[in-house]
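Next come two complexes, and both contain chain A; in the first it sits with chain B, in the second with chain C.
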Partner chain A sequence: MSTALDRERRRHRRSRLSLGQRELIWAYVFLAVPLVFFLGIRIWPALQSFQLSLFTWHVDPAQREYIGFDYYRELLSESRFHRALLNTLLYTVIIVPVQLALGLAIALLLQSVDRFRPFFRAVYFSPYMTPAAAVAWVWGWMYSVNFGIINTFLIEWSIFWENLGLPWLAIPPQPFLTDPSQALPSVAAVVIWQHLGFQVVIFLAGLQGIPRTFYEAARIDGAGAWALFRHITLPLLNPVMVFSIVISSIASLQLFDQVVNINFTNQGGPLDSTLTIALYMYQEAFGRFRMGYAAAVTVVLFLLILVVTVVQLRLASRKVEY
Partner chain B sequence: MIQFLRSLLATAALLVMAAAFAQPVEIVYWQYDYATRIDAMDQLIERFEAENPDITVRQETFPYDAYQQQVAASLPAGQGPDVIQLFYGWLPTWQRAGYVEPLPEQYFDTAELDEVFVPMAQAGKINGQYYGLPTAVRSLALFYNADMLREAGYEEPPATWDEFIEIAKALTEKRGPRFTRVGYGFAPTGQDHHLVREVLTRQFGTPPYNEDLTEVLYDSPEGLAAFEFYTSWATEHEIGVTSFVPGTDGYRNGFIQLENIAMIIDGSFAIGSVENGAQFDWRVAELPVLEEGGVKANFGSYWMNGLTPNAFEDERTLEAAAKFLDFVTQPESMELWLEVVGELPARQAMVDDSELASDPVYGPFIRSLAYATATRFVDETAQRDLMVRAMDRVILEGVDPAVAWEEAAQADQALLDQFSR
Partner chain C sequence: MAAPTLRSSRSAAASGSRTRTPRVGTILSYALLLLGSVIMFFPFLWMILSSFKELREIFQLTLFPTSWSLDNYREVLTGTEFPRWFLNSLIVAGLTTLSVLFFCALVGYTLTRLRFPGRNAIFLLILSTLMIPTEMLVIPWFVMSSQFGWVNSYWGLLFPGLIPAFGVFLMRQFFTTLPRDLFDAGRVDGVSEFGLFWRIGLPLVRPGLAALGIFTFIGNWNAFLWPLIIARSPDMRTVPVGMAFFSNEAGTAWHLIMAASALAIVPILLVFFIFQRQIIEGVVLTGTKG
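And now, the complex of A and B:
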């Protein structure tokens, strides 16, 4: 009896909501599903990893010992971690501006051609769709000192100019990945090449969003090409640039795939010259089973990304005056 | 009514118990992904299940590069294997983190194991307790391309390192600044770090570590001489370069497929790959020595089968897991493993009376077992890295070998200290 009454009451209550309110509720319900997923898969493990970093690691949770911030102290004195940190920043400093400049330049060129634009766009985008492991592997061969196509070219090039009596134009073969001082820029070049297409597409979309009328009006006022770029394109592209910078910075700070795969034999080598924080974390966690310590590394990486992103958003999204 | 219910309950309980006994126990076995190993294990499981109808074994494998990662993530979640194969060098780090448990005394008698297995199996012991047993063991030997050697006028493989250098030099070819063929396939991250740590140091007169693994001993004039000798192959004699052929197994691929590497030092586990891939007259020889009649040394290693905490969940699982572990380390299993995978048996009696000692391919490896040592690592990954670093410092950066060697010894000592603490 009482159940029938309850049902009746509930129906009454529900009918008191307007259609709009009901839609809103459903919207929240649907949004809650990905939110739960996000909280469970991203946020909760992130908090857990902070907890992990305060304990020694053991399969059995009962045997984990609380050690406070010992791992963080160890991190600070660990020279491999310093190296990983420095390298990660170096990667970011190289990759982000070069990718941005090249991406913008290519997008502008593509914007100005009418024929084959989809073709060129596809060509620039294809590396982005190739698995990082495959890219790294092929580049590993191209960089090879003894078999690589790049050095074959350098040798032929040098012979050509020496034969012409211009030996100062010759470039000797380079060690690339086998030289601790060249390895990092070599890997950075691969990452730039691979992600360039993504930047190009983003910039193309941004360029297409700028109304033609702005350019036409400015041209009538006598503005040159540089003035158009400086005073219309650049400021109106600002939101796209902020997005591009933030995305590529995060990707550079998390760099892992290419580094792991390009130098299979000595990951992060030679002599840690290509080591990144993400790779260092991986090696400590899964090579040496030091989960607590590795968790501390991830916490540092998280903070680093947080700080860099906040600073970038602050700096880059200032109000722009047109 | 109550009477009826009670009898019903009793019947139900009986049925459940009967079902539990009739139900086969399932245990899970993990090893890394390698065609011949999987095949051999499948055959062993089939035999085992025929003998033990109440036990089923499920084999799961993962790519080598992701293996430790899978293990690290699964076991804390209460998932994963009951019986697991691990490289013996990983044992200390795994044991510390609780991924493997000591073999229970009621099923395994330590004194007996000491007796029947080859001495290197003792590297699977911590504090006097075994944590796992090998189905097979491996040693190192020199693989050489006999066609190339003959072409340069050498009928016999090198017996001493001086001969080795001489032959390697004769076979190394350069065009301009680039090597087109090398006499020796350098592999610092492959077997070379073992070669230096365990073989050359002993040949030059010092064991790498003391007995109770608290002290680095290679930090001595003899040890330094061994290291200087190895690096001189690259810096002075130029019989090869590191990363000559790109890739993890570049040195092996160069030897087998590209045929631009005349000699490599590799483990018996490489026999299968060479056999399947090499299209030339390849042969195997024991590792060279310093001088005729000089000290022989070799690096022995193995994958051991251990029990994870999962196996200890209940008595029936433990019994099944222990039975299976025992089964895969029986002589018949070792024979099958040798036949299918090509790895050497791990029981002393089988090594002693083996006809294999005179086999042209297995012979050098079997004979090497007599003087092979399995390095007692405390942290194989870190100890390999510091050795590779020392080599790179000298070969790539031109640092004085004495400086690089001292750095390695200090880093190594720090790891030992950390472990014994």
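And now, the complex of A and C:
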């Protein structure tokens, strides 16, 4: 009797032990390929980029020479890099707030209507899913100085108001992408147009997550529409807002597809006015094959993204107080 | 009249004059939304209408073509390598999506349902790769691809996207919501560890798989930087990369570009209309759980 019980207990203990071991073995069997992938395709190359930036470039690793931070010093004195850095920050400063404001405004409008919501949502979201190359071609043509639809419209618009005797409402045709001072905002407008739908959907979800009872209670206390927005909507939307800001900042700092495609024969032009860090990196690495130097550029980009994200998350976490 | 307005979130909260005051505001909302829709949709409309115009009409800047012609489409499909790019994009985006769904779900499952030492460390390691911008990886990837002979191949096009960290994160979120008892019950019934994942886990996270799959497909269909680098010959280009070179090869043939652009969004539109609900849910998940 007791031996049978012992055997039972022993088997139970052994099977539990082997269960834990089995889970361990299976876990690592399941994770083997993904772990190799993350270490070999993500983490190791990231470290390699840093390493490449400290050596002169040669296809044969044995012939690469250690030069320390020379490429970084070169970056500091390279005016095209300054231009790219400044442009990238300009894009971010234009795109992020405009996208945030428009995204929130459209989401609030959408929430205030109860018919056709899926239709509107689909229309606003569709540019987000379109390849940047197609988007850039169409916009590049619409922006065209002589046969672009926007300037054609501006001319018609001006004639209309001048005929009515109101010439100050006329807007002359614009150079858009051909003018160094207008090219960057023109590209930024395309990016805003393309990514707006994503922000709208995020904000709409955030708004729907706010319990209606909050508004009802505040209304009973006599709060007006602005007070409701200021004291209920905005604070409760804060986490969504932080997410939206961080995501659009990271995307803006990595701007490449639209910039390359909208002016494919003069990438980053005119006069480097639309050049971004990502495009500068691409040109140095795959146009001039200065891999080490380009790697240094990517390290700077990485640090920039890291700093911007950390600062934003810091500021956001301080602001949250309910 | 009162019943439908009561249902809307705004008027339900409004006190007094329920039937009249929301009207002006509602009409204004619809008007603004419609104006926004026109601005959002105009470039598509322009592209699609232009794609049906004959070459001589393309710069006349009238909205509608006087005679609708399919010549541009015929020329894109027979006179350029567009069909090949389209096929390349389908292959790359399709295979990547299959890999992402399988591996991200498997890792998500393993990180939530199995207990083993190093579990949190592995999750943090995977999460940390979210901070690395693609730009930082493309140079080492290209060097590596040159050494291994992956340049200008399908494998070269798709290897970087096989297991995205974001997908792992998303699937892990889905698996945490499943009760552990379910898997213990399966285990008692003698289901193998892989069977627990495949037969019990996967069917329960189908909404997550749908969202992740759609986003992966769209993201890879639209991918530009890496395919631009790794596709060295025209026949290995994907749709976005092939289109980028349109001006060089056809001397900026706007009529062909508009037709190609319209064709480039066809698979995306199909995916969108079939899975609209899952797409919206997917965005919502990234925003609220992220």
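As a working rule, the second predicted complex is superposed on the first by the 284 of 322 C-alpha atoms of A that agree within 3 Å, B and C clash if a C-alpha of one lies under 4 Å from a C-alpha of the other, contacts with A are read in each partner's own complex, and residues count from 1 in each chain.
Here is the rule we go by: a contact is a pair of C-beta atoms (placed from the backbone, for glycine too) under 8 Å apart; a residue touches a chain by one contact, two chains touch by 3 or more.
All values reported here derive from a predicted model rather than from experimental measurement.
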Chain A as common anchor, with chain B and chain C clashing or fitting: clash
Partner chain in contact with A:Leu100 - chain B first, chain C second, else both or neither: neither
Which superposed partner A:Trp141 touches (first chain B, second chain C, both, neither): both
Partner chain in contact with A:Ile150 - chain B first, chain C second, else both or neither: neither
First (chain B), second (chain C), both or neither touched by A:Ala316: neither
Touched partner set for A:Arg288, first chain B, second chain C, both or neither: first
Contacts of A:Asn266 with chain B and chain C, given as first, second, both or neither: first
Touching partner for A:Ile43 - first (chain B), second (chain C), both, neither: second
Most chain A residues touched (candidates chain B, chain C): C
First, second, both or neither for A:Leu109, with chain B first and chain C second: second
Identified clashing stretch of chain B versus chain C [74-82, 92-100 or 164-172]: 74-82
Shared chain A surface residues [contacts with chain B and with chain C]: 59, 137, 141, 147, 264-265, 285-286, 291
Of chain A, residues touching chain C in the complex: 20, 22-24, 26-28, 30-31, 33-35, 37-38, 41-46, 48-49, 52, 59, 106, 109-114, 116, 118, 120-127, 129-135, 137-139, 141-142, 147, 149, 152, 193, 196-198, 201-202, 205-206, 209, 212, 215-216, 219-220, 239-240, 243-244, 250, 253-254, 256-257, 260-261, 264-265, 277-278, 281-282, 285-286, 291, 294-295, 298-299, 301-302, 305-306, 309
Complex contact set, residues of chain C against chain A: 4, 7-10, 12-15, 25-26, 29-30, 32-33, 36-37, 39-41, 43-44, 46-47, 59, 61, 103, 106-107, 109-110, 114-117, 119, 122, 125-126, 128-129, 131-144, 146, 159-160, 162-163, 165, 168, 193-194, 197, 218, 221-222, 224-225, 228-229, 239-241, 243-248, 254, 257-258, 260-261, 264-265, 268-269, 272, 276, 279-280, 283-284, 286-288, 290
Partner chain A, residues of chain B touching it in the complex: 68-69, 72, 75-76, 93-94, 96-99, 176-180, 187-190, 241-248, 250, 309, 379, 381-382, 388-389, 392-393, 396-397
Contacting residues of chain A [partner chain B, same complex]: 57-61, 63, 137, 140-141, 143-147, 151, 155, 172-173, 177-180, 264-266, 269-272, 283, 285-291
